[in-house]
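Next, two complexes with subunit A in common: one pairs it with subunit B, the other with subunit C.
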Partner chain A sequence: MMAVLPHILNGLTLGLLFALIALGFTLIVGVMEVINLAHGSLFALGAYFALTVLGGDWLGATAAAEWWTSLPLASRYIAALIFGPILAAGAGLLLEMCLRPTYGKAPLYGLLLTFGAALVIEEAIRLVWGTGEQHLMLPRSIDGAVFVGGLIYSKYKFFAAAFSAAAIVAVWLFLERTPYGAIIKAGSHDSEMVRALGYDLSRLRLLVFGFGASLAGLAGVVMVPIWGLRPHVGIDVVIPAFLIIVVGGIGSFWGAVVAAIMVGLAVGLTGAYAGAWATMSMYILLILVVGFRSRGLLGRKSALEN
Partner chain B sequence: MITLSDIPSRSPASRALPIGILAAALLTAPWWLPAVGLYQYLGIEIAIWIIFAMGFNLLFGYAGLHSFGHGAYLGIGAYAFGLFQQHVAISLWGGLAAAIAAAALAGAIVGAFVSHRRGIYYALLTIGFGQIFWFTSMKLHSVTGGEDGLLGIPRPPLGFFGVEADLNQNIALFYLAAAFVLVSVFILWRLANSPFGRVLQAIRQNETRARFAGYDVWRFKWAAFVISAVFAGLAGGLFSMAQQSAYPDVMSLHQSGLIVMMVLVGGGLVSFWGPVLGVLIYFIARDVLGGLTETWLLWYGLMFVVMVMIRPEGLAGMFHLAGRRVRGARANPEYAAEKV
Partner chain C sequence: MSKKLISRRSLLGATATGGAIAAFAGPWKHNRVWAAGSDKPIKIGITSDASGQYANSGASDRRGMMMAIDEANEAGGVLGRKIEFVHLDTETTPATGSRVAERMISREECGFLIGAVSSGVANAISQVAQKYGVIYLNTNSSSPSESGANCHRVKFVWDGNGTNFAKAAVKNAIATYGKNWLLLTNDYVWGHDTAAATRKLLEEYGGTVTEEILVPQGTRDFSAALLKIQQSGPDVVSAAVGGDDQKAMRQQVAQLGMGEKPAWINSQQDWPDVYGLPLDNLFGVFGTTWYYKLDLPGVADFVKKYQERYPDTQMRVPGNVFYNGYMATRELLAAIERAGSTNNIAIIKQLEGHKMPAAERMQHDDAWIDPVTHQVQQTIYLATANSGTQDADDMFKIVNHSSPDAVLDSDAAAACKLESYEDTPTFDA
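After this line comes the complex of A and B, so read on.
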């Protein structure tokens, strides 16, 4: 039992991080009916923006950059955690504006456009930040190992899991307890009716896309110390994300969370016993679930089936 | 604006002229390719991707089924060709037959899983299967050589009814590929304009209606998938000869997306010849833009994004609209003004 425990913990951490990525994805699919293949690229952008915020080389003046890097790492890290997602949201808003001509057409066009956008963002990242692997510096309070009982475990993974869980609860509260959340949820049921009630649909879409992109960016900042930061990290991330929303049921909040934890556990446990095939377990899960229940675990009938 | 559902079904009128132009361009390519500053090997690559793209378009443009994992079948063809040369015999025709058979088998299995899906679910499942093949080819070291792939695949000599040729010459291999392009285009042209092709177009326009018209939609979708996999397998066999290697890269989501981009940019949704145009544009962009800047894919991607935004029917769609406008202007000047 003790031998399995770290792998289960790893799987749970991975699952919670996957859930954070998939939530933004599923919100965008639910409200806009766009499969955003650039979601992973927004994730990568969030992490790269965080890298730049941490480093301070964006400040131009040498004196300002020196002042910034002399601040304690913890406060710079918090700034990166805030500004990474905000800047990713900015990119998301830009993408939403590009998507406007595709609304009301076959969902294929949204898929194609965001695939092109993913390519463009990845190349832009190579251009700006270089092609090599980068590292996010972590403050000492969340770096290193921690002893729990007889178990040695990475402190950062605990932090990442707790942070993701808190963020998931916050998103749920936002959707359930605020008027904005109510409109977003209504929009994912029947956008025509939302418009008929007098809400500005294009503002709703902008809001949802910006929110989804900021969640992707946030997931990027938190996950990248575990996964590593490379220009093509976006494509590595978007595949589990879409797989999770398909398994969980497109547009379903809890479906995404449950499926993400399932996928995380599957990857964590396969990774422990048959390392090379860890990623494969996700696809097998996908084919098993979709083969028997095409709408996913908690999915309901969607316009995307046509 | 043309949308996917009201694209006119293609006219069955004779298209001898485009086939003639394509044949003439291909047969004379070794003379004019160097003259315009290109190189022989590019001709082989373009010919291979034309086969792949044309076969893919039967599924994508005609049946309206958006497979996002089609690089897998090209890759399977390439591996099958290489494995045949390494383990069975050095034989051109045996290798190509193995490539086609392997891709057809994989296509038949995957097609059986995906064919009762449609729309985004179809795309998602094909991505999933494509990733599985890509992943397997990376991890099955003992068979596929892992990330390095199969190296040193020979180009077996051609023997065809007394015609002998050494395919180690790029020109000879180009002519072989060009011959396959012409045969493939002819077969696909016949298929697309047969009752089978009509049913595929009916499925694209309205699957439910096609089902109620009495067609076994599942079987048609499956057959289209297998046929497109067959052409991908043929292209893959030629590809592993051209590269003298087979590697997992061609099976990645990136490559599978690129073939969709090529077909769409060329206008495969509205035209039989669209994919040819799309492949040419891609390779010219790669070589011309790639010569100017390292980040040519950034510019190609931006062009693609703009294209999806303003003219998702691709270049062929633009020609189509322009032609309609000209014809309309001749027949009725007011019509042309209002259709713009």
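After this line comes the complex of A and C, so read on.
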């Protein structure tokens, strides 16, 4: 049993990171009923923006750049953690504007548009930041290793998991305790009713998409020191994110969190004891859950089930 | 209802058209002669990855091929004919590799195919190439099965294979680091074949495989495997992990400070997989066929030529993948010149057993193309991180080199059964 504990811990931390990735995705699907295939690209964009903020290249060869790079890495990292998601949100807002003509049409239009956007964003990343591997420098306080129960763990991974947990709680509080959150939640139940009550549906969609994109960007900044930063890193994100929201129940906040932890545990444990099945374990979990409960763990009951 | 009679003119026209189609398409599979003696350009199909796990290596491979093609064209072409090329992305996916090969041969009319980093992709391409008799140079994939069980008469393998690299590394590493080895294996053909070669050599030299951890292609988080390695406590981890997976793995190993203990052996490693990584990510020993700082005549000029031709490339110096792509293409074009024709069988005979002097290949030993397996037998180098340099490009130092004879893969020769010349469709490109 003692031998399994480190892997359970590893699976839990991995699950929290997956949850951060899936949150924005589930929010957009829930409110807008758009499967945003560009979610991974927004994830990558957030990380690349963070890289630029951290490095100070955007200031050119100026005194300001010199001043910026002379600042402690920790403060630049915090700035990257703030501005990476904000800039990704900007890209998300643009994408939402492009999506507008597809509203009210068959879901395939939105799907194709976001797929196209993913390709465009990836190519844009190649043009701006190049094709090679990049590194997001970490402050020393969260870099390196720490001993837990005689085994070495990545200090950063603990930080990232704790950060993800805090972000999940913050998003939940936002949705539960603020008027904007209430509108978003109402929108996810019945957007037409929200419009009927006098709220601007266009603005709601813009807000949700921007917010979802910022969460994707935030996940990017947090995850790439573990996954590595390359133009197609976003592709690695979309499949687990999609899988998690289906397992958790489309549009369900806590469903996504629970599913992400289950996926993390499945990947962590199979990675240790049956490595070849680590990726496959996600799909097996999906088959098991959807096989027994088609609407996912905490998904709303479909009209078809009545 | 109208009734039409077939006129004599239309009948003649149809017959002529049918005859023309039959002349070109009919014998395609077995005897395709469309351009003999013409000044039609020689068309090469570049089948390298531009996306997926090996996109970076694919780009480097392609640059090598293009430099060789440019040089040939600047020198007046081959047999007086211009060399043209077409590139299609094989996406690091075997199915796409097959599709691309089929299209390049039947629609783009390529007479030769070059390129591949993934062995799965290379194998897929080579099956299509053999069906048509089109010569295919597998530039950078290094699974032993490529020159073993999956060898083909039309396929030539330019990189060292997993057994070559393992032979160069295993014996020394047992003596230096210890007998207990853990295998960390990418779960696809190259990983499995390389791990099998390492396992066999370990048994031969008195080492033990304590455990093998398989990691699926596309693994981003190695923490489960690394925890298992800590729990297992081997002397050596022999990693057959490639492409972007290797980048992720290296960063995570370095972050945990596990690069020194246990010792890490990467039997083979491509330059684009590690270029630009911080020094503490470059732990361990790995095998390669070439390094841009080899102290040999011609290397500096080659590097200069690369830098002049590709001034804006992120990789500021050529690596082993570029080198393999360049050398393969150059040798193919030279073989066409020697054959004095673009007949595939004549060119295959020029390549089989062909000797390449060390000085021309910028390696320590003469190399040759094994006529039994179609693999280039060449010097294998072992390298490790160059800790004492300020030069960001000079990432490695060569620890030692092994002659082609010392690392010969006899298993591949036993497993390879090349198709006969008669069973290989012939044509002129």
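Heads up, the rule we're going with is that the second predicted complex is superposed on the first by the 292 of 306 C-alpha atoms of A that agree within 3 Å, B and C clash if a C-alpha of one lies under 4 Å from a C-alpha of the other, contacts with A are read in each partner's own complex, and residues count from 1 in each chain.
Operating definition for what follows: a contact is a pair of C-beta atoms (placed from the backbone, for glycine too) under 8 Å apart; a residue touches a chain by one contact, two chains touch by 3 or more.
Everything numeric here is computed off the predicted structure, so don't read it as measured data.
Enquirer: Using the superposition on subunit A, tell me whether subunit B and subunit C clash or fit.
Expert: Here subunit B and subunit C cannot both sit on subunit A without a clash.
Enquirer: Check whether A:98 is in contact with subunit B, with subunit C, with both or with neither, and answer first, second, both or neither.
Expert: first
Enquirer: Is A:276 touching the first partner subunit B, the second partner subunit C, both, or neither of them?
Expert: Both partners.
Enquirer: A:200 contacts which: subunit B (first), subunit C (second), both, neither?
Expert: It touches nothing on subunit B or subunit C.
Enquirer: Going by the contact rule set out at the top, does A:154 touch subunit B (first), subunit C (second), both, or neither?
Expert: In the superposition, A:154 contacts subunit C only.
Enquirer: Does subunit B (first) or subunit C (second) touch A:133, or do both, or does neither?
Expert: Second partner only, subunit C.
Enquirer: Kindly classify A:7 by the partners it touches after superposition: subunit B alone (first), subunit C alone (second), both, or neither?
Expert: In the superposed model, A:7 contacts subunit C only, not subunit B.
Enquirer: Should A:190 be classified as contacting the first partner (subunit B), the second (subunit C), both, or neither?
Expert: A:190 contacts neither subunit B nor subunit C.
Enquirer: When the complexes are fitted on the C-alpha atoms of A, one of 99-107, 225-233 or 405-413 in subunit C overlaps subunit B. Which is it?
Expert: 99-107
Enquirer: Using the superposition described at the top, list the residues of subunit A that contact subunit B and also contact subunit C.
Expert: In the superposed arrangement, which is not itself an observed complex, subunit A uses residues 276, 279-280 for both subunit B and subunit C.
Enquirer: Would you mind writing out the residues of subunit C in touch with subunit A in their complex?
Expert: Touch residues, subunit C against subunit A: 51-52, 55-56, 59, 187, 213-216, 218-221, 223-225, 227-228, 230-231, 244, 247-248, 251-252, 255-258, 275-278, 314-315.
Enquirer: Inside the complex, what are the residues of subunit B that reach subunit A?
Expert: So the residues of subunit B in touch with subunit A come to 3-5, 66, 68, 113, 117-121, 123-125, 127-129, 131-132, 135-136, 139, 253-254, 257, 260-261, 264, 295, 297-298, 300-302, 304-305, 308-310, 312.
Enquirer: Please name which positions on subunit A make contact with subunit C in the complex.
Expert: My answer: residues 3, 6-7, 10-11, 14, 130-133, 135, 143-145, 151-154, 156-157, 225-228, 230, 232, 236, 267-273, 275-276, 278-280.
Enquirer: For subunit A, which residues count as touching subunit B in their complex?
Expert: So the residues of subunit A touching subunit B come out as 35, 98, 101-102, 105-109, 111-113, 115-117, 119-120, 123-124, 126-127, 235, 239, 242-243, 246, 250, 276-277, 279-280, 283, 286-287, 290-291, 294, 304-306.
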